Amino acid sequence: MSQQGIRVFVTGGTFDKEYDELTGRLFFKDTHLPEMLRLARCRAPLALQVLMMMDSLDMTDADRGRIVAACRDCAEGRVVVTHGTDTMVETARALLAAGVGKTVVLTGAMVPYAFGSSDGLFNLGSALSFAQVLPPGVYVAMNGRVFPGDRVRKDRERGIFEDAP
Amino acid sequence: MSQQGIRVFVTGGTFDKEYDELTGRLFFKDTHLPEMLRLARCRAPLALQVLMMMDSLDMTDADRGRIVAACRDCAEGRVVVTHGTDTMVETARALLAAGVGKTVVLTGAMVPYAFGSSDGLFNLGSALSFAQVLPPGVYVAMNGRVFPGDRVRKDRERGIFEDAP
Amino acid sequence: MSQQGIRVFVTGGTFDKEYDELTGRLFFKDTHLPEMLRLARCRAPLALQVLMMMDSLDMTDADRGRIVAACRDCAEGRVVVTHGTDTMVETARALLAAGVGKTVVLTGAMVPYAFGSSDGLFNLGSALSFAQVLPPGVYVAMNGRVFPGDRVRKDRERGIFEDAP
Amino acid sequence: MSQQGIRVFVTGGTFDKEYDELTGRLFFKDTHLPEMLRLARCRAPLALQVLMMMDSLDMTDADRGRIVAACRDCAEGRVVVTHGTDTMVETARALLAAGVGKTVVLTGAMVPYAFGSSDGLFNLGSALSFAQVLPPGVYVAMNGRVFPGDRVRKDRERGIFEDAP
């Protein structure tokens, strides 16, 4: 119910992939987050910032370091990070290790928004909601659930997130 | 983070309206919730139940009574109600007056899902998330925000929900 | 294969209906034709002109007279008219009676484009194609078929166009 | 206006590509043609047959030979071939060289149907329409236009088909 602001950091991932009709390949251009928030009629107080636009399989430690620093240094106490699903858990671990002392929720999509992704919109609504009410900590919001950042894994065979022991 | 189940009651509303290509009018057929949850890759533990399929402007006190009874009588302690936006606030008030002692989150959509509604998917993700973490009470989840059921109004001119004094 | 231009007259119809999220009703705002042609990567030489934006059930003889005059008076010898399906056949008859001496193809949609109408895009592609190759005459292009304007009827029970005796 | 049947041969191409959410790559599964024709409310008399499901860049002379044979040997005098755009012109040339003596129209899409391709539906409507009225010959129907198979090229920089000298 908090009306304090949320910072949304965009890092790319499937969420934002597009189809290049000249090459037939997927690529990144601009983020779709502003359009998604507009269509969602979202009025949660938030500030959107693009940190990077990349496939999370290509993220280096330095990239993760930038995400950690951005989460730590922003003015808001509540943060959503859009992220590729393949290494979302690694970034959650990096945020946990850094101890940013804020509510940070990572989310992503299995299907690009530009391809009619239903999970992207659903997950965005989910992540923004969890971010508004959960206590400080690092979380992954996927599949309509929320997981503590240190107890989650992606099952790549099935394409879902689940509890990790 | 609770993994206890959520009951989702469908009551109709814009969410579930369809276009009748023979008459050119909007109507209700089946709920789109199962398809929406499937496309969203939702794996939150939930049970879906259709209570009614109606425009919320047509809801009577008896209809609202059925919604209240369903929320009170179901086994789950966490409930999401999909509802037309026009009288969502009245149903929230009825639930508050009845004192169901559970976490009940009402949500809806401004645009039918069948018409490519982005807010429906977003709101569904939002409502299911708030329902999992908020303490007992009655809430409205719309526009990426959550409102206590007794301090919310719909601004019909602008088509948004906002704090009521 | 003709590369002479095509005039496209927009008259409204289901094609162009939109959902008004404030009232929950269908209404006309701007035509979607330019967006549809852009997404279709259409490069047929054409000039688009909005004649009216109305439900074809509301068309008067005067409205039909305006359509006839527009078809007759435009510079192009090939014309596509987007039109509501309910009285498309009546307008075809009016065009036939007037004897415009051009290739005029009427088309429409059963589902609004804004609601993810697949038939609108398909029918537009169909009508523009028939218009480029058929000899002078008045035609209705619907359901992937083309009908002479004087031997077609809409089966309102089934929502399809068929041969009329 | 002919009501004789049309044979539609599916060969794959961008038309039918899907997004594999487990690998993040594009792939072929089943053809979307039946769904597209259903959503288009298409009632043209046609028989659909999947010849192959492949990227046209991977087509060999043998694959093209199969397409030529299928067009020549089918019962219908009017044929539509869905095809990847990259080598559509080569297949048109192979059909011309073989002299099948029928009306054969090749078409494709720049964006996969599964990604909300508007050009796929538009082009399908266009190809089916041209196939019904053009005299025997080999044609490419793209961008809302129709080209003789021996006087067309794809401009890969711009992703459009145009007249070839």
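In this document, chain identifiers A, B, C and D correspond to the written order of the chains, with residue numbering beginning at 1 in each.
The rule we apply is simple: contacts are C-beta pairs under 8 Å (C-beta built on N, C-alpha and C of every residue); 3 or more make two chains touch, one makes a residue touch a chain.
If you're wondering where the values come from, they're calculated on a predicted model, not measured in any experiment.
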Give the chains in contact with both subunit A and subunit B, ordered by label. none
Distance between chain centroids, defined by C-alpha means - subunit B, subunit D (Å): 45
So, in whole Å, the Cα centroid of subunit A is separated from that of subunit D by 39
Can you list every residue of subunit D that touches 2 or more other chains, as numbers and ranges? 110, 159
Go through the chains and record each pair that touches. A-B, A-D, B-C, C-D
Under the touch definition given earlier, write down the residues of subunit A that touch subunit B in their complex. 1, 3, 36-37, 39-44, 46, 110, 118-119, 121-130, 132-134, 141-148, 159-160
Which subunit B residues qualify as touching subunit C in the complex? 14, 17, 19, 21-22, 24, 26, 55, 86, 110-112, 114-116, 156-157, 159
